[in-house]
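Reviewing the structure listed below.
To keep things simple, chains are lettered A, B, C and D as they appear, and every chain counts its residues starting from 1.
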Amino acid sequence: MKKSFVIKRILYAVFIFFVVLTLNFFIPRIGIDDPAERYYPPQGGMSDIEYEIIKQITREQYGFHVSTWQQYLNYLEDLSQFNLGVSLRSGSPRVSALIGERLPWTLVLSVTTLIISLFIGVLIGTVAAWKRGRWQDTLLLNASTISVALPAFFIALMLSFYLGFELELFPAYTNPNMVAQFDWSWEAIRVVANNAALPVISMAIGGIVGYGQNTRNSVIAVTNEDFILTARAKGLKQNTILYKHTLRNAMLPIVTSLGMSISGLIGGAIIIEQIFNWSGMGTLFLEANSTGDYPLMMGIMLFLSTFAIIANLVTELFYVVLDPRVTVGEKR
Amino acid sequence: MSETLDKKTIFQRIGKNVLKRLKRIGEFLGKLWKHPKGRIGLIVVTILVILAVFAPWIAPYDPYDVTQRAAKGLPPSWQHPLGTTITTGQDILSMLIYGTRVSLLIGVSTGIILAFLGAIMGIMAGYIGGFVDSAIMRVVDVMLVIPTLPLIIVLTGLFGRNYFVIVFVFVAFGWTGLARVVRSLVLVLKNSNYVKAAELAGASRWHIMMRHILPGTSHLLIMNTALTSAGIMVAEAGLSFLGLGDPTAISWGKMLADAQGGGALLFGAWWWIIAPGLGIFFAVFGFMRIGIVMEEIFNPRMKASSGIYKLFKNLNNQYVEEVFASMDERKLLTGDVKPEPAESG
Amino acid sequence: MNDNMLTMRNLKVVFPSNAGMIRAVEGIDLDIRKGECVAVVGESGCGKSVTSLAVMKLLNSPPALMRVDELRLDDEELKDYSETKMQSIRGQHISIIFQDAMTALNPVMTVGRQVDEMFLRHNDISKKEARKRTLEALELVGVPEAKSRANNFPHQLSGGMRQRVLIAMAFACMPKLIIADEPTTALDVTIQAQVLEVLRGMQQKHDVSLMLITHDLSVVSNVADTVYVMYSGKIVEKASVRDLFKTPHHPYSYGLLASVPKLSDTKHQFVQIPDSVPHPLRKPSGCYFHPRCRYATEQCKKEMPPLERFDNGREVRCYHPLNVTDTELQS
Amino acid sequence: MSENENRDRPIIDMRNVSVDFPVKGPIPFMPKKKVRAVTDVSLTIDYGETFGIVGESGCGKSTLANAMIGMVKPTAGDVLFKDVDLFKLKRKEFKRIRRDMQMIFQDPYSSLNPRFNVYQLISEPMFIRGGVSDEDMKARVVELLELVGLSDDDLYRHPSDFSGGQRQRIGIARAISLNPDFLVCDEPVSALDVSVHAQILNLLVEIQSKLKLTYVFISHNLAVVKNVCDNMIVMYLGKVMESGSAESIFRNPKHPYTHALLSAVLDVDIENRKERVVLKGDIPSPIDPPKGCRFWKRCPFAMTGCKDKPAELLDIEPNHAVACHLVNDVFTDAEKDAGLNQPIEDHAEGLLGTHGKK
């Protein structure tokens, strides 16, 4: 049963992947006959003939001169070689190369944020559940309403204003030389950590409170289960019950959300990266958007979607290991 | 239902239904008002609505007036309670009040449309099942992996930056979560024995849908409208902050973007940042509170678990001892202490 | 030295709620002799399950408030024991078998490990040794192929097997007292018979005391020695099984016995008790049973009758007991 | 209730009904397994009688009842209700005829919509049928409430205000509100407190005699069935093990499984208890039921031949049939010579236990 479940999930992920890449192919072609016009919109001071020539060049450069169906096939062929196309930037860099350049910097932010918020969140969530109804719990509850009402970008602005400009504890803008000068030396890593502090904090606050609240609810739900009563009736010590019985079960729903949240973090870091001028995927995407660089935008989109699909698949398979009850596509 | 109903009775029935609905809403607002947390939410939202509707009369200055050179960068004072902008000298309080319009309009309208779409999709998937179900769920799964914010950015780029497009995109990509929840609830309701009893009595699908399934999900939909409205307000502010909102309107997100771009951070004009932030905070907070309180009202189990601790804190020890003493065999025998009917503690 | 395994005096449990005090258990005494099987019988909401948890001091506060004058297990007074001290008593000296084994077992832990835990907690032994004892324990309660079953998760076992695992777990450390809270209610009738047989067999073989909580009189008649009948938080009758089934004294016990369909009944006749169990927040005045009792008098409406004790050890809480013989009246 | 029906003909006539449910496979296009909920059941139920279906969980008793009232479509066989094949009717016809059959559910907590009040609950079937004025509907509901022992003060209260027994009364009132003549009672008391069992059973019996109803009574408790039913079947894993009049089955129970069920019934006569039959092993899964006699794996008397040869329902006396090789003595001499009627080795040992007190 387990094996067929794994196969089924993989097949399904492949199916979703195909739908996503097809959508991705068609989005820049929405409502327009000639995608070349979208890739190179007419600019002022350009005569019709000039524009026609530019469009012709664009068509041939990006393969729009063949039928749409053929374009789609070419697109698939390119993808099979991990070729996401060519950016409109000067020098026509490959989209995959641009993504590869920026991805690590985004991962630095999102993975650190995820680890911090997961660790602290689970910790305070467990404490709040343990001290249910006391001040620790009330604090978490109020913090969660407040933090949801305070968007991360507002927190980021406040932090950059207060900690960055007023107290000058951390750089309010990312050091533009950070990326270029990075050489794996301790000093460089320290600089990165210093620059990443504010973006990570502003993203992690929401995450900590979110995971805290989820953990709390989940732990409380598990505590009310009969098997915890059984564990207590066995005379097990409180710590044993907490680690072996409560947390293991309470973590299941949180694990499920993990895959989604990492891909969400990468996609959602756009605003934070913009505020701190962090040279990650988010800023890359905004740059692409401001110049109408569709191949780059769609490349990033496809990359993020694929990332999400894989992350989902991994958590699902991981979940099977954690929860023996999952067999045929049923989730608890 | 039989076809013999004439128009008059139909109108009567509709009238009756409308009255009933209104009464329900009234009752519901009453419940919210009675709940201490709900009251805060209700007050905040009411104030925001008043601000939005009567903005031109309430706002002390014209927020679009960018000609006040003398008033540039004033900190909060009696003249300008929230100060003015550094760049153009616009009155921030007035901008804030006008910004309420955008946030509420986008938030509430998207929330409501989303609730409708999510409910329709979820109910179709859950109740009709089969092919419809798998088709809808496949769409949900695809939407789930596409990164929302980048997609919204691309689509607003394609279709133009006005609020119709923004609402449309929010709706088109926001219904999936609700549809999932509604679907699983509908599946439970559909298999319940009371639906089976209605089927046995010859009920049509329409009857079951309108009398059993839809009322069963209504609490979820109302709650969801409040919560998604709050979420959409944040999302709209984020979009405007990136400069992707409607460029002609004043919105809180755009105010923040202007503040950042205009060097509010650099020149220490903290009021320029805090004001729109507070606007977002109160709007989202108010709607969230209402949503959470609704969840508590509709899902009494959660209330019970948090309420019991409060109850225990305020427990009257003497009363507890009296209750225990009243159970003693001896006293019951002599008959001078009767086991009085339990009253609230 | 007394021959009581469990002596409980005046147990009271209330659940404060916004609507008022829910009086779950209103001062009950319970004696279980060594090697005896005592059944506590009652319907839903009569406080029988709360009593079972109270014996192990497993009731959480909140939501429950508990008072007891005496709670003695063998020669140990558990009344003032701290939670830590109770932890070493639970499992080792008292253990419990819950009703629904599906929810009572941890779904993400193999059943073997869940039984292991019991040995590891109360004995100073290696994991390997614990597993060896687990397998023995499982075989003892009739789990076939114990070795592979031990590596199964609860959802992979049938209802009967799961219940056996719970029984094996309860008997693991050879406790002095075992509480079985509706041990067969969730099972099919033929499986019920198997599980009851295992339970009864284990109890007699190891000579432990058993406290059986149930609403099912056929379970009582097959397993128990002494029966306490509870109604709405109070004990209304205590008698040996034989006495109770032959000559129930309390009208409620009588009604309960009579209203259960029997094979010997003639067709189309069921003796019925009118109305239903009172809501715990709206208990009637006087005797809690009086609104449903056909023998009720004015006195019953005003005063709660005392639990009267007869010479032969029977107890009944009623002003107008039924079927009382002359010898009993002498007391 | 239509007036032109022939009351001499059976109200329900099931012919070789089988119901299988497909089990969803993990991978699309793989061969699907199926749950064999009901296999080859034939029975007839006469007007005005009470027909008992007895068995444990998974024996298909609820599926069978659902097939009778058209809630489950049989994979094979015909279901005739008043001589009409339910599953060959047009949708509208089907709906019309199905108003004559109603059901009382096991769990009165989940079978009443918590949002409705008593009036809405009981009047819903009439509301669905339409053509009844509000006044008539209300009068009828009050009448029904009285019939089931509730008062019209309860009209606008919600299910949560009632105890289990009272809820079941509401459920009964709803079921009879359209004047059906066929009522399926699916374990109507097993979710209720012991002390209210008798009330509900008496109410059902009383209503039956007042309204001349035909009952199908599903239960796992043989004592209940004995006191209520005229005819009955005992089911195990989707097949009928024993069928006939309740009187003859209880007077002379033949099938080992019936014996096992009988011994689970409360025996108040504590002095002379009978030996208690305890079956060994678990109820097998209906997904892949044992070949041959479905009961052989748990049967204390199983013979070698029972493994492969399905047991057929054969009459042993008028209106009493048993599906058991041992009782029916079906093996031919040749088969007997092959040892098919020998007990299975190491099988009977320890299967039969006693449960009495020493």
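One rule holds in what follows: a contact is a pair of C-beta atoms (placed from the backbone, for glycine too) under 8 Å apart; a residue touches a chain by one contact, two chains touch by 3 or more.
All values reported here derive from a predicted model rather than from experimental measurement.
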{"item": "Farthest-lying chain, centroid of Cα atoms versus that of chain D", "value": "A"}
{"item": "Of B-D and C-D, whichever chain pair has more C-beta contact pairs", "value": "C-D"}
{"item": "Distance between chain centroids, defined by C-alpha means - chain A, chain D (Å)", "value": "55"}
{"item": "CA centroid of chain B to CA centroid of chain C, Å", "value": "48"}
{"item": "Between chain D and chain C, distance of the C-alpha-averaged centres to the nearest whole Å", "value": "32"}
{"item": "Multi-partner residues of chain B (each touching 2 or more other chains)", "value": "308-309, 312"}
{"item": "Residues of chain D whose C-beta touches two or more other chains", "value": "none"}
{"item": "Two or more partner chains touched - positions in chain C", "value": "62"}
{"item": "Chain C to chain D touching residues, read off their complex", "value": "43-44, 158, 160-161, 188-194, 196-197, 200, 215-218, 221-222, 241-242, 245-246, 252, 255-274, 276-277, 279, 292"}
{"item": "Chain B contact footprint on chain D (complex, rising order)", "value": "69, 71, 95-96, 98-99, 101-103, 105, 107, 110-113, 115, 124-125, 128-131, 171, 174-175, 178"}
{"item": "Touching residues on chain B, where the partner in the complex is chain A", "value": "138, 141-142, 144-151, 153-155, 157-159, 230, 234, 237-238, 241-242, 256, 259-260, 264-266, 268, 270, 273-274, 277, 280-282, 284-285, 288-289, 292, 305-306, 308-310, 312-313"}
{"item": "Chain B-facing residues of chain C, complex", "value": "10, 12, 14, 16-23, 26-27, 61-63, 65, 67, 281-283, 285, 302-304, 306-307"}
{"item": "Complex contact set, residues of chain D against chain C", "value": "56-57, 163-166, 193-199, 201-202, 205, 220-224, 226-228, 250, 260-271, 276-280, 282-283, 298, 353, 355, 357"}
